[in-house]
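Here chain A shows up in two complexes: once beside chain B, once beside chain C.
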Partner chain A sequence: MKKETKTNKFISIPFIGELALSGARPLIGVFLGLLAGAGLIALSGVNPLHAYRAMLEGAIGSPQAIANVLVRASPLLLGGVGVAIGIKSGVWNIGIEGYMYAGAIGAGIIGIMALPVAPIVHIILAMLAAMVFAAVWGFAPAYMRAYRGVNEVVATIMMNYVAIFLTSWLVHEPQFMAEPGSFFPMSLLIAPTAKLPILMKGTSLHPGFIIGIAACVIFYLVLRFTPFGFRTRMLGVNPIGSRYAGVKVKKQILLVLLIGAVLGGLAGAIEILGLKMRVYMDFVAGVGYESVAVALLSGGNPLAVIASALFFAALKAGGATMSIQTGVGAPMTTIIEALCVIFVIAVGHGERMRLRRLEAKAKGTEEVQENDN
Partner chain B sequence: MTIDIIVDWLQATLRWGAPLIIVSIGEVYAERSGVINMGIEGIMLFGALAGVAVSFLTENVLLAALFSIFLGALFGLAVAYLTVSRRTNQVVTGLMLNLAALGGSNLLFALLSESRHERVARFPILFPEVFHNIPILGPILFRQPVSTWIALILPFLAAYVLYRTDWGLNVRAVGENPQSAATAGLPVIKLKYQAVILSGIFAALGGCVLTLGEVGYFASGGMTAGRGFVVLAAVVVGGWDPIRTALICLVFGAADAAQLRMQTAGSVIPYQFLQMLPYLITVIALAGVVGHTRPPKTWGAPYDPKDV
Partner chain C sequence: MTQNEEVTLCMESITKQFPGVLANDQICLDCRKGEVLGLLGENGAGKTTLMNILYGLHQPDSGKILINNQPVEIESPAKAIKLGIGMVHQHFKLVDTLTALENVILGIPSKSSLHLDLSTARKRFLSLCEEYELYVDPSVETWRLSVGQQQWLEILKALYRDAKLLVLDEPTAVLTPAESEQLFKAIRKLTGEGRSIIFISHKFGEVLEITDRITVIRDGHVVGTVLTKEASYSELARMMVGRPVSMERKQRPENPTIEPVLVMKNVEANNDRNLPALKNINLTVHAGEIVGVAGVDGNGQLELAECVVGLRSRTAGTIHVKDHLVNEVMSDPSFVGYIPADRQKVGLFLGLTVAENLVVKDYKKPPYNRHGVLQYDTIRQHAKNLIKEYNIKTPTEEVDASNLSGGNQQKVVVARELSEKPALVIASQATRGLDLGAVESVHDFLLAERNRGAAVLFISTELQEVMSISDRIIVMFRGEIMGEVDGDDADVSVIGQMMLGKVEEVAA
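Moving on to the complex of A and B:
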């Protein structure tokens, strides 16, 4: 009985219809999230229309604003695609925050050195160091998840806290990275040769978003067209079946989590080399968790990550302007982010119910027809 | 001298362990009913803020505790509606609740900013002064706030309810096999709601105990510092048993207390490495027990009444 309905579902729902449903779902969710956010803004005594207009202005009102959005989008793009690959294979990679710290440490160590090399070489070396550091950092939870079956959500989150404390230690005197005599513990400034170029005068626009979008496109192609991508998707759809099909499940999970770690490390490096120019405690401040929201809104599709990362970055950038103009606190945008994702997943249930009703209806008519015959 | 240090450490262990134990009780019930409430970190955060806010405004800790319980029930209801009625993914729901709670608590705390780092009225000490002078036991047990005593008694009460009452049996049945439970006439959805709402209540109360039992103020940007996730690990390590989970929570509390003591004692180890200790112990403990404990059968799986 149950199997029958399942096969029916695949046959009776036309492909285009499913696509339309899955495409509309995030949009409906985002709309409801913004609506609920408007309600909260109204509760705090501010006209939500004013607040959203300020937000829009802060996000796309000027070239500087757009540059700001792109700068904020860089870590979200890389972190988001890292989490998205995990979602595709059925594992939760919540460790982006920690990978970003590990990457920042790696990039920072290479970055503060005065190397007699061309800037591009210095930048690449720093980024490579970041990716290696993050991979080493991510290996422990990834191995425990893949080979020991430890819950990856708790393990990666615990490692995030450990990473923050490690960073704190490294930027305090007398460690070699620390800026001597500074009031606030931080690392030395990175060398001029390690700084990412500024693409637009008067802003801090660095090429991070290009790297991020490239990563999204590359991983879209990898997931779509390579055997590795196929194994990843198969693992997510049917873990038991993929084991029978000869996928080395443990190795695959390890690789997927490590890819997320490497991407997170790169995101941390770009933040340091392009924007912050120093390593310090709390420099990430929640971007890692927002990457999870980005990936969830995208439904695990790397191309959709581009859209959702830009959307969340615009929300954040606009939130700063909203806060200045209307007095609604900037953390409101974090709430709106979370609400959007919650509505997206809750709308998903409504869809399933609608499919089921359609199915029952279709089956009902079939039965009627059978009776007529 | 050394005895003093150990006594002081044990006393702090109970005080730091108490919020974890209280939060863990609710989570044990929720997970026994099959629902992992990953949002306890966020609910704890809100309970912590609500406790400080109400205590600051009214100087009445009982009112503070009641208000955080009320808030926790609301959050529990939201989680139950999403994960049970709308069958959303439990991990996603919890993580997004945590994200919203982080934003929300920062937002609300900014409104109360005059109380920033100002100590508010805290939970009173239960036993009169006379008991405090009993050697060793005095400071460890009797110089504790009411909340610690609640945390010490609660696991036994919770175990009794879970194993010896009809309601407890029903919750366990729902988590093991909701279909048979429904066939036997149990209100599966209602029981899951009750268990999840309990997890919200205890999470908020635990947060309130964290601020009003120990520190007495709220710090913006992650007051709970991952303690909700530590509790999630403790429930797994404790094998979904209230008493064993409470003991594991005490171990984590001991790690927390030890790192704080060692920080102030000026140890040779940098304090950041001591701060890592509770988190590392959590991961190691999780890795150690895998395969040795068995989760409830439908742990984390959504329940669809139409599945037969």
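Moving on to the complex of A and C:
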């Protein structure tokens, strides 16, 4: 008799409402993050509205500003989507920083050579070299995680340090890459044929953001519509079940981590060929870790990575303007980024707890009914 | 209750309600000085809740606890320890990175706040080891200890605090037979000194071996208490089965069973703790028959199922499905259908839609995958068909599987595993936690598979359903097949005794 209520159980959970809520979650989190940031700005004695207006101006106030945001977004897009696929499959690929360095080394070695080829070929060769270097670099932690059960967070972070200092060593004299007699250890200049084209005069806008957005769209489609993507999502929600369903779990984890490595390597190459023109030790200080924050904000969805990478880049670009115009320190932008990520996670956690309570309630009544039987 | 026997513990009318579940319903229990009281019941019967109340981890909604005839309020484990209650939880509460000795003295206030007197503690610890023959090296970090030694350590911890009443929650689950013997020896020594033991288990054999009296709990209330030496196997079997076994057999056509589908020869395998879980299993299941596997939970059934589908590697023997040697995961549902015991952890992908859940084993094949692109229209249509055919209650096929009720989640798994008409079906605890209607429909689906000509291995701890659905029944006990009976004239008491590890006496 009471069974009627049970078969209708799913109606008691308004899942369409839940879905809308889960979509709004990052927005609520970002809003709360900005709100908390406003509080901190106010504490430092500046009107937060002025500060945020300066920030907005610095981010989208002029075509140059927008170009600046897009340049900053390029490595975040690629790195972010690399981490995001990992999140979707349940592994934390924190090695983007290291892959970027490995990629930069690869792109640098090819890039500084004077090759008698067309620029497009030189660029592609340099990028391929970057991806191969990063893949080889990423293979060690990926193999350890997939086949030896080593925690991937620890392994990839440690490899980051190795990559950074390897880069430093390579650009010191007497290594072949190093610029002789430079005041600061750096590599030789990238050959003109290997430089990425500039899309807008008076800015450093290179096509990196197009490659980044394309990568996000491609991996969205891969996750959504290919067997490989389906396996990845299966692994993310249920690793035990994936094995039971015949997924080669170890191989899949290895591949997902390697894809992250290749994307990270490409990001490093674009940064070198498009912006920095040289390889040196701190050429992307912290961008790889920022990619992790970008991916966290996106919840692992590659399309959302586009939005969150642009948001982070805008915060950074605008932060400089804010700092100049209002005197609020530029590190405030990093704080606001962190606050946004924390609030997005917190909102998500609160949401899960609420769902779990709903579920427990539904399950509770079910069990009582079973006891009645 | 005899008057001259001293009662150490008396729990009266303990009731505990959790949201939606009545875990303990008017439970009365007493434990006397120097006796071992067995607390018997299946998983989820309420044993652990009752003991957590005794140890101050939960507060009862009503009822009272008397220790040495004095009513007590046990509001915390600290109070329980003060009252002389020691508890060895099923999942040990040890600090892995501390040494054995440090674990034992953890939480005991030191006499001086400046100096930790380890040497005295060490002497006391070693003398306890000696006395009860439970040897643990006091200076070794706990994570280095074997599981058995960690249990000794838990017991020593309680004895160090001079526990008069020791609760052991499923102590033998993690022990080898030799270690169990050692534990039993220590238990006898403890009771000889006038300490009392509450021994929680769902394994009959050991409860009968070590206890003086047995209290059986089922569905949150006491079924009865018996003296161990007067307990008959059949009486215990009846108490264990619980509800009276109705012998209603499912009607079935005769199938000529000749073609062997599953052939297991001398199969041995270990459990997750690397202890032997399957011993010399020889089993053949033919096309068109249901072979039921009866037995108390934890006697190798899970490992049996996992070996057959290739999820667990065997240490010896061969398994063939048709002519195919099993050496990797059998994930082709047109060959082997496997309904796993833990649907949420293994069988389902909560977070994927119902439609996606229905193709997790088939997504690589056409028509679901064409030229590397998943055909979602086909996948959705496939789902719509199965939802109708298997009567899955869901608003649409695009809903996340976590929104379905337990019974409908199970139907999703059943539909996926059976719809491809596999040659072999393994159903492991396929009806656990389902309401009667859902149980009935799972049975009907499996019977339909049998009638179609599939070989079905039906594993369940519910004797009643094994007897109602199986053509043949095998009984497992401690990883071995104790015997086989015909489904049509199976006798509960015969099976019940096999479940306890007794064979020939009755079979004759």
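What we mean here is this: the second predicted complex is superposed on the first by the 337 of 373 C-alpha atoms of A that agree within 3 Å, B and C clash if a C-alpha of one lies under 4 Å from a C-alpha of the other, contacts with A are read in each partner's own complex, and residues count from 1 in each chain.
One rule holds for everything that comes next: a contact is a pair of C-beta atoms (placed from the backbone, for glycine too) under 8 Å apart; a residue touches a chain by one contact, two chains touch by 3 or more.
What you see is a predicted model, and the numbers here were worked out from it, not measured in a lab.
Of the two partner chains, chain B is the only one that A:141 touches; chain C does not reach it.
Within the superposed three-chain model, A:246 lies in touch with chain C and out of touch with chain B [touch as defined at top]. After overlaying the two complexes on the shared chain, residue contacts for A:150 are found with chain B alone; chain C is out of touch. Between chain B and chain C, it is B that contacts the larger number of residues in chain A.
In the overlay built on the shared chain, the residue A:191 is in contact with neither chain B nor chain C. Residue contacts after overlaying the shared chain place A:339 against chain B, while chain C stays out of touching range.
By the touch criterion defined above, A:293 lies against chain B but remains apart from chain C after alignment on the C-alpha atoms of chain A. When both complexes are overlaid on chain A, the residue A:113 reaches neither chain B nor chain C.
Under the contact criterion defined above, no residue of chain A touches both chain B in one complex and chain C in the other.
Residue ranges of chain A in contact with chain C, taken from their complex: 3, 6-7, 9-11, 13, 15, 225-227, 230, 233-234, 236-238, 240-241, 243-246, 359-371, 373.
Chain A meets chain B in the complex at residues 1-2, 92, 94, 140-141, 144, 148-151, 153-155, 157-162, 165-166, 168-169, 172, 282, 285-286, 289-290, 292-293, 296, 329, 331-335, 337-339, 341-342, 345-346, 348-350, 352, 356.
Those residues of chain B that touch chain A in the complex are listed here as 38, 82, 86-89, 91-93, 95-100, 102-104, 106-107, 110, 221, 225-226, 229-230, 232-233, 236, 270, 272-273, 275-276, 279-280, 282-283, 286-287, 290-291, 306-308.
Interface of chain C with chain A (complex): residues 18-22, 219, 309, 311, 329, 331-332, 338, 340, 345-352, 356, 360-361, 363-364, 369, 372-374, 376, 393-395, 399-400, 402-406, 433, 435-437.
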